[in-house]
């Protein structure tokens, strides 16, 4: 999927909590990737998912004995080269935190290729290097351990689970200080548009609350308050 | 309970580690709310507890199907309006982290009402918004998910468990960079006074240690060292 | 063990991810202390391990009843005084996070004695005080609770487990933003030297990747690329 | 709520997996109390919930110091005496497994009073004694520890969370070898009736599968197979 | 892979602890599927793996709203029909225990088709029914919840992770009272043969230990003791 | 410590829940070894603790590469030979469940030497073999994995932590269907005597409860009821 500029703009103007409200309205209760956060404060990620799947490592396959070497196969390097511009690489690491699923050189390459970011329910390595890439990077934590010490890459561009949530290739990934959401592709445009609207309304309501009004009638907003919002908005 | 100014001042001058030492002296071994931290660096919270209790959500009660709506009941909005000035809203979320127990608009209102802060053993949402409120906020983490997707509010102002520790309405909540303690109401004044004293002593001891003295005799302090502290203190 | 200046310099120039790669090459798959991080951003720790072991507290041994006092025994104070200059105090806390295994005054003393840092798979207390010491401090988190409320010190300078990894006295502890590694003493010099070399190579590769080359041939580097690196390095 | 005989009979004829299917059909996705099992093999429990809530213990409230005694309050003994005949005592223990929430003498009394069973997301004590009572008892495990060492009873007959699921007083509790379900009171009769029907159908299908037919058309059953079932059932 | 009769016989005569010793000798440190056990006491499973992979459920894909129905796709029913005779169905459930990955009717069909068993790192449902099938069934526990309430089937016959261990199609699954091991296909015959040998030796050693000899020289066995074993064995 | 016959008899007549009550009366709140259970139903264990400590394995120390072999050191075999008659071997495995801390041959030897049992907060292997030894064996679970794949023995007869509880050599270990308690040596005789008394009282009370009396006055027993118990006991 390639995202329209207006959808990207709408997602950019809305926080993930607002987007989660819009998903809940449509009956999607938990599209949140649990247990992960941004490596760099202030990161914001928006883009379609390019998925990758790992399984636990095995000594003979990964060359984990002194003098042995890994069996050939799909490599993380090859996957990185496959990620289309604007996409987010989303990795199913089975929530394995004992090892990293990638480090700074791979992220430099993702950045250079124009990827929109990386998301994994495992760990990443070389935190300082990752920050220097400027690539939005969300993970379960940092570790020094090398990927193949515990994980092997086996597939890409297939449906995966990540942090307890399904991710289908093309689903829209949106992440910020509150974490990462997976927006099903078929409703992404609608969710983006309505989230943008809700965000404006909530900013208006927050302003009134800050000015001392009580929650009653304001939040959640009454028909009267919604009308006042519409009127004020019309003026701008 | 309304806290005397001197008790507030005493708690404000002491770190939670010092207060925990004073609680341990009285036989309270673990008044710490486990698994939570401040959303904003540098937050300090002091105030009596106003408690709230949640249970897991159920589809028909919370309106979790498209087109359905929640059953009326005690709402988080109503609880927020009930929190007395200077109090801390403390929420029993059963350590459910899959969803937030509140977001920034509610915290704007708490702030406007003069509440002393919010504490939950679950998550909060809209981290950036929460920081902008300036309200001291301690929780188990951030998430984008909406409260009612996993939790329902059922009671307020009753004894609860939070992060593995009992919280009775009126207990004094004290939080800082080391986390949050629950000081039983009946000993709060004594604990505050003695913590303040201990803090002064420890600062004196730390100074001597930094100047190169060995721990022996200094920490824990001998009678001689305590006397020297008393003397120096008298001079000021 | 006392570390040679060149080994310290080599470890200082390499990140822990690079060191973990060198350990994996030698068949050490997981020398990482899991579940801990630095209290202060930017901390870097290098030094031989001085170990300490704790067991769970018991009421009669620790004086946990009002009016009672702890049984004498090996104290954390005595251990702190035993840590040789340049060493890292590494504590086996059985991953018990309900209590701190030390606070700021002890860390002031460690700093004054010239210790290289502290590492525990439990918690520490008085975060602000710890930051003020400037001592590199890695732990599982912060808590206000006092050590003896849940743990008792029983031995020092013996092999321990810490965060799921064996630590023998004299093993080299290296920590940074990616966490803490344990380098077996017998291969520390070799690992340090080769990590330093690898780091230079990786910086060279990262530069080329940033400049737009694809991963293929560059990372992992082909013989050709390695030769180009050697040549460029020779020029400097 | 008092259950009609036909509803009890219907629940008795259906396994909890079948009942969970009927709940899912109505949009209830997870009415299962997670993490618990029957103390005695073969236990089956059916009855309305009588709820009880606990919070963490505190030293001064529970008399946890030598020579001290608990503060009066709602006791587990009083709650046991309040449970109506045919009801199931369901306890919110905050999944605290370090202590029991009850032992054999209390369960002897529950049995003598005609209670239908006990369910807790914590532990029970005196496994052999509990088995001798014959009371259906579901819990997270066994422990020797005394209730008040970690928990205090605070309320009864209010909505609670148990094993991650909401339990309202009067909800129907059904438990067997697959664990315990909470059936919302307002749909209990319908769920019971339809579960009983589905169970008969599934037994019929299982018989055909055992006789060598493939799943296709049989499971899930086609219209044709459902008609054959109806016909065969009519004959009986 | 189809197993030779002699390999099946060898695995049948050896316990999984012995097989794990033989795997460790070859450098395979952890081929154990963690966190699972047999539903029925005394179950023994031997056969090549036929794998299946699941991801978390999503409301629109699984028909989790009242009145909605699942999107078509690979079904568990279709996978069950695909399992070759003598094979073990091994399921990657992401260790999701909130739902079952199968129930008794599917297992009746697996049994009728001549499958060797089922292994999942999730839960199964209808424990009594499963026991009645006689099919060796290993899982993380029982639950009443329906598969599609939390999981969706997406692929079969591909490499998966199960209980923290890699499983490639054709790897030999061996399970008993000590749990389940994955024997890489390429060394299965050798591991089977040597395990059978080791088991005989260990039975001989156990006999001598039971008769009162000390461990020294016997276990692990000296050359002398090995010779005595060989001699005795030759006599039989 | 060697236990007097009367103390053994007293412990044998009392269940661990009763003993835990007596420990709580003396201010010992949690002497329970958490997370373990008997391998064989009906096991009862009584005896002084002989302790052993492990740390995580390391590849070069344990010979975990093909063709390598373990470094000499304290072996589990040597520890087993050191356990005095009547003692219980108690193992600190850091709650590492990925590997066994012993198997059936070692337990045959413990049995032959007259040990009273084995307790570990890790796993054991060869469940069927262990049952055949008749040695009371308590652990966190079963696994096929070999000890040295994850753990190394380092010390014996020193204070350890096991399942979150301190165990000092000579402490009395008592285990049954409710799990395992650690009775501090200095109060073992008193606790045994009073537990035996309490057990008789509770059996008397249970009898009255079974006969239909309400809890009030009976449990906990009033002075009147205690007198009636004393009288009835005197008659026997």
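Couple of notes before you dig in:
When the chains are written out, they are named A, B, C, D, E and F in that same order, and each has its own residue count from 1.
Just so it is clear, a residue touches a chain if its C-beta (ideal position, glycine included) is under 8 Å from a C-beta of that chain, and two chains touch if they have at least 3 such contacts.
Predicted, not measured: the structure shown is a model, and the values here were computed from it.
With contact taken as defined at the outset, chain B and chain F are each touched by A, C, D, E.
Think of it this way: of A-E, A-F or A-C, only one pair shares over half of the B-C contact pairs by residue number, and it is A-C.
One inter-chain figure worth recording: chain D and chain E are separated by 31 Å, centre to centre, where each centre is the mean of the chain's CA atoms. Chain C and chain F have CA centres that are 36 Å apart.
Averaging C-alpha coordinates per chain places the centre of chain B 48 Å away from that of chain E. Counting partner chains per residue, chain E has residues 27, 29, 65-66 touching two or more of them.
Contact between chains, per the stated criterion, is found for A-B, A-C, A-E, A-F, B-C, B-D, B-E, C-D, C-F, D-E, D-F, E-F. For chain B in complex with chain D, the touching residues are 27-29, 31, 54-61, 65, 94-96, 152, 154-155, 158-161, 164-167, 184.
Listing the residues of chain D that touch chain E in their complex gives 15-17, 19-21, 24-27, 29-30, 32, 34, 37, 176-179, 181, 202, 205-206, 209-210, 212, 214-216, 219-220. Residues 65-66 of chain C are the ones that touch chain D when the two sit in their complex. Taken together, the chain D residues at the contact with chain F in this complex read 64-66, 77, 80-81, 97-100, 103-106, 108-109, 111-112, 125-129, 142-146, 148-150.
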